[in-house]
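The structures come next, written out as C-alpha cells.
Below, chain A partners chain B and then partners chain C, in two separate complexes.
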Partner chain A sequence: MKKRGIGISCNTHPAGLKGGGDPSQALIRVKLDGTLDLVIGAVDIGQGCKTILRQIAAEELSVPLEAITLSNFDTDIGLMCTGTFASRVTFIDGNAVIRAARDLKDKIKRFVGSQLGVEPEQLEMADNRVFVRDNPEKGMSMAAIGAAANWGGAILVGTGAFTPGAGQDFDPETGKMTAIASLAFGACVAEVEVDTETGVVDVLKLVQVYEIGRAINPLLCKGQINGGSMMGISFALTENLFPYYPAVDFAPETFSDYILTTAADMPKEMIYDIVEVPHPNGPYGAKGFSEMTASAAPPAILSAIHDAIGVWITDYPATPEVILRALEAKSTS
Partner chain B sequence: MGECIYFAPTEIGEAVRLLAEYREKVTVVAGGTDLLPKINYYQLKPEVLLHIGRLGLDYIKEADGKLVIGAATPTSKLASNPLVAERASALAEAARQSGSAAIRTTATIGGNLANASPAADLATPLLILDAELLLTSTRGNRKVAINDFFVGPGKTVLEPDELLIEVSLPHQKGKSVFLKLGRRKAMTLSVVNVAVRLEMEGAQCKDARIALGAMAPVPLRCTRAESLIKGQVLDKSLIDRCAAEAVAESSPIDDQRATSWYRKKAGTVLVARALARAADMEG
Partner chain C sequence: MKYILSFVLNGQPVDVLAEPTDTLLDVLREKLRVMSPKRGCDEGDCGACTVLLNGEPVRSCLTLALSVAGQEVMTVEGLSKNGKLHPLQRAFHEHYAAQCGFCTPGMILAAKALLDKNPHPTREEIVEAISGNLCRCGTYQEVLEAVQAVARGEYAEVKE
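Moving on to the complex of A and B:
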C-alpha cells in the first residue's frame, strides 16, 4: 500500500564563525586597458562567489561585469581568506570587496583629478568613465585611465578587508556578545509517498523558502536551494557510511557504493522562493545561507514519513529496510 | 595497468583464433562498463585485451521466427527497439532501468551475461523468455540454454577459448513483466529484480516463468514456484503463496546493497506484484 504524508521543518543559519574572527581580504587593480583584476582568497566551489563578488565590484565602480577578471588561483600570493565554509563568503568577502572598490574609487578620482587639474571631490564615476560632475563632457574613460596610469609609472590598487570581529561587543560581566554576524531563516515542506510493503520512500514535492537579506544573484540563490534540496534528500534517504553500524562491514569505498541521489530521485514538484529583509551589515543587505538549504529537507522528510505511516524514524538514512523494520516493530507492539 | 596486448579484430574467425592462442590470458572487452572499474581498482590486470566491438555483433533482427540479438548490441538499443518492445517487453524494461544513459549507450547484452553478476538486469528477463545463447570457438559452435549458462558469481560455462556471439529468443506467448528495486531510481545495481511471464487463458495460468535477480549466486529460475501456479486459476492468495515459494527457492546474502532479510521481504512483494501485473489482476 502507498501512503502519503506531509512534514515541515524550520531552520536558522549564521554566516561565518560563531564569535567572529574570520577575516577576508580583497584587492582590485586597474590594468593597462582599463579593465580590472579582482583578487580574493575565497575559492568558488560551485556556489558562484566568482560571479557575485564581480557583481559587487562592478556595482561599486560603475563598470561592466565583463570588465572584471577574478583571480583566486594562487595560495602563495593570494589574499588572506579564512575559507569557503560556514556560508560566509557573500557576507564577509562581499564586504571586503565593497571596501576595496571604494578605496580604488578614491584613488582613481585622485589620479584623474591630477590629470585634469580638478579636485577629486568634483569627480563622478559612472558608465565606465570618470568625469567632472558639473561638466560631464570633461572626463576620462576607464581605458584612458588604465593607459595613463600604467604607462605613466603609477599603479592604481584598492584594498579592503572585513572581519566580524572575534567576540564582538563582549560583556565580561554577563558574557553577552554579538555571537554571529548574520542569521538567515528558512522553512521547508516535504510531501512523501511511502510504499509500506517495500519501504521505499518517494519525495513527491519539496517547498523551500529562505529569508536571506538580499539576493545578490537570485538565479544562483535558487541554484543553491536546488543543490541543497538534492543533498538533503540524499542525506535523508540513501547516504550511509556504515550500513551495518556499529559493525563496519560493507562500508562503501567508492561512489558506486556510497549512494547519492541522482536527478531521477528529485521530486516532480519543487518550489523555491526567497524573502528579502536587508541586514544592516551585509553587502547590500545580503546574508549567508547556502548550507542551510541542505539541512532543512531531512527533518521535513522524516516528519512526512511519520505523517504517512505513524512511525518516527530517528536515524538517518531512512532506507527501505529501516522503514520496514519500523513498521514491523509498530505492528508487533 | 601495466603492459597489456590489445586486439580489435574485425572478423569472428580472427577473434576465436586469438582466444584459442591466448586462452586464460584473454579478457574480452565489449562495452567495458563492468571491466574498467575492475582494472581501475587493480582487481584485474589483463594480459591480453580482446575488443569485440568491430565483429559486426551489434544487431537486432527476426530470423526463423526468433528474435536474434548480437552479443555486442548496446543496452540502449534494447531499450528503444520496437521489435524488442513487442516480442520481449520485460527485456526492454530491464534495459531501460539499467545503469544510466551513458552506461546504456556502451554496455552490451553479451557483456551483461558473460560478466555473470547475480544482479545482472538483463539476465532475469532472458531467463523467463527461454533465451538460447550461441557460443563459438575454433572448435565450432554450440548452443546453451540461458538456464544452464550461469555457474556462480562471475562464472559461466564459457570455455577459455569460447566467445558468446548471439542471444536468440523463441516466439513466446503471454505477457512478460520486469520489476527492479535499487537503492535509487537510476544508476543503481539491483537490490532485487524480478521477471515474470504468464500465459493466461482467462483466469487460468497455462504456463509460467519466474526469475529472481540478486537473490542467489546466479540469476535464478524459480521452477517450484512456477509449478505451483501452472494449470491453476490465479487469485490473490495463490499469487502470494507462489511469491513466497519463489523466494523460498532463493538464498540471498547480506551485502553493501541490502540484507538477506530485506531482500526476502522485498523479493516476495515484487514477485507478487509482477505476477498480478502479468495476469492483469492489478487492483
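Moving on to the complex of A and C:
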C-alpha cells in the first residue's frame, strides 16, 4: 500500500566560524588598460563565488563585471583565506572585497586628483570613469587611469580583510549575544509517499523558504537551494557509508552501492522562496546560507514518513530496509 | 602490442595508436588530449565520461578503444561551430545548469542524444535520459529546465 505524509523542518545556519579566527583577504589592482585584477584565496567549488565577488567589486567601483578578472588559482601567492566551507565566502570574502574596493577607490581618487590638479574629495566614480563632481566633463576613464598610473611609475592596489568577531559578549544567563557572523533561517515542508510493501520512499514535493539577508545573485541562490535539496534527499533516504555500523560489513565501495540521488529522484514539485532581511554586517546585507539547504530536507522527510506510516526513523538514511524493519517492529509490538 | 585505430572524432578522421586494453576514455584524454569526457568513477557508474558513439550515449570508460574503429565519436568539443556555442551549451550556461562542471559534458551529450531523436520530450523522458549521469552538486532541476528550454525552441541554432 502506498501511504502519503507531510513533514516540516526549521533550521538556522551561521556563516563561518562563530568563535572568530576565520579571516579572508582581498586585493584589487588596476591594470594597464584600466581593467582590474581581483585576487582572493577562496575556491569556487561550483557555488559561484567567482561571480559573486566580482559582482561586489564591480558594484563598489562602478565598473562593468567583464572588466574584472578574478584570480584564486595559486596557493603560493594567493591571499589568506580559511577556505570554502560553512557558507562563509559571500559573507566574509564579500566584506573583504568591499574593503579592498573602497581602499582602491580612495587611491584612484588621490591619483586622479594629482593628475587633474583637484582635491580627491571633489571626485566621483561612476560609469567606468572618475570625474569632478561639479564639472563631470573633466575626468579620466578607467582606461586612461590604468595607462597613466602603470606607465607613470605608480601602482594602484587596494587591499582589504575581514574576520567575524569572536563573540565574547555572550551572556551566560540569557544566551544573548551579538551575532556578528550571520545567522540565516529556513523552513522546509516535504510530502512523501511510502510504499509499505517495498519500503521505498518517494519525495513528491518540497516547499522551502530561506531568509538569507540579501540574494546578491538570485540565480546562484536557486542553484544552491535546488542542489542542496538533492543532497538532503540523498542524506535522508540513500547515502550510508556503514549501513550496519559499528559493523563495517557491506560498506559501499562504488557508486553502485553508495547510492546518490539522480534526476529520477527529483521531486516533481520543488518550490522555494527567498526572504531578504538585510544583515547589518553582511555585504549589502547578505548572509551565508548555502549549507543549510542540504540540512533542511532530511528532518522534514523523516517527519513526513512518520506522518505517513506512524513510525519514527531516528537514524539516517531511511532506506527501504530501515522502513520495512520499522514497520515490522511496529506490527509485532 | 599497439594497433592503429582509425575513427571519426567530432567530424574529423583521426588515427591513433592504441593497445587492446585501452578504453576509449584513455585514448581520448591521454592520447588525443580531448578533455571534456571526465574520468569520474572509471567503472561505469557516474556518467561523467559519456560520449556519443554514432549518436548514442556510451560510457567511454567501459568502451574498448579498438571497438570504435571506423565509427563516429562525438564529444562536447564537437558541439560548437565557428566559436558559437550549441543551443544546449547556451541553455546550460544561462540556466546555471553547471555548478562545478564535472558532470556537465556528460549531461549535455545525454541531453543531445535525447533531443536528436525526440525534439519535444516530456519531463519524464528528459529525467530518464539524464538519470544515468550523477551530479553531486544536485543541478538536476536546472539541467531539466535547460533541456526543456531548448525543446521549446528558446535557443535556436546560430546561423553559420
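Side notes on the structure shown:
In the analysis below, the second predicted complex is superposed on the first by the 319 of 333 C-alpha atoms of A that agree within 3 Å, B and C clash if a C-alpha of one lies under 4 Å from a C-alpha of the other, contacts with A are read in each partner's own complex, and residues count from 1 in each chain.
Here is the rule we go by: a residue touches a chain if its C-beta (ideal position, glycine included) is under 8 Å from a C-beta of that chain, and two chains touch if they have at least 3 such contacts.
Predicted model, so just to flag it, every value in this text is computed and none were measured.
When the shared chain is aligned, no partner comes close enough to touch A:281: not chain B, not chain C. Of the two partner chains placed by the overlay, only chain C lies in contact with A:45; chain B stays clear of it. Legend: residue contacts after superposition of the two complexes on their common chain; A:198 is shown touching chain B, with no touch to chain C.
When the two structures are aligned on the shared chain, A:243 is found in touch with chain B, with no touch to chain C.
By the touch criterion defined above, A:231 lies against chain C but remains apart from chain B after alignment on the C-alpha atoms of chain A. When the two complexes are overlaid on their common chain A, residue A:320 makes contact with chain B while staying clear of chain C.
Touch criterion met: A:252 reaches chain B, while chain C stays clear of it. In the superposition on chain A, contact of A:261 is made with both chain B and chain C.
When the two complexes are laid over each other on chain A, chain A has residues 254, 256, 260-264 in contact with both chain B and chain C. Interface of chain C with chain A (complex): residues 41, 43, 45-46, 96, 98-101, 123, 126-128, 130-144. Residues of chain A that touch chain B in their complex: 197-200, 238, 243-244, 249-250, 252, 254, 256-257, 259-265, 319-321, 324. Within the complex formed with chain C, the chain A residues making contact are 45-48, 219-220, 222-223, 226-231, 254-256, 260-264, 266, 268, 270.
Touching chain A in their complex are the following residues of chain B: 37, 41, 100, 181, 183-188, 191, 254-256, 258-259, 261-262, 265-266, 269-270.
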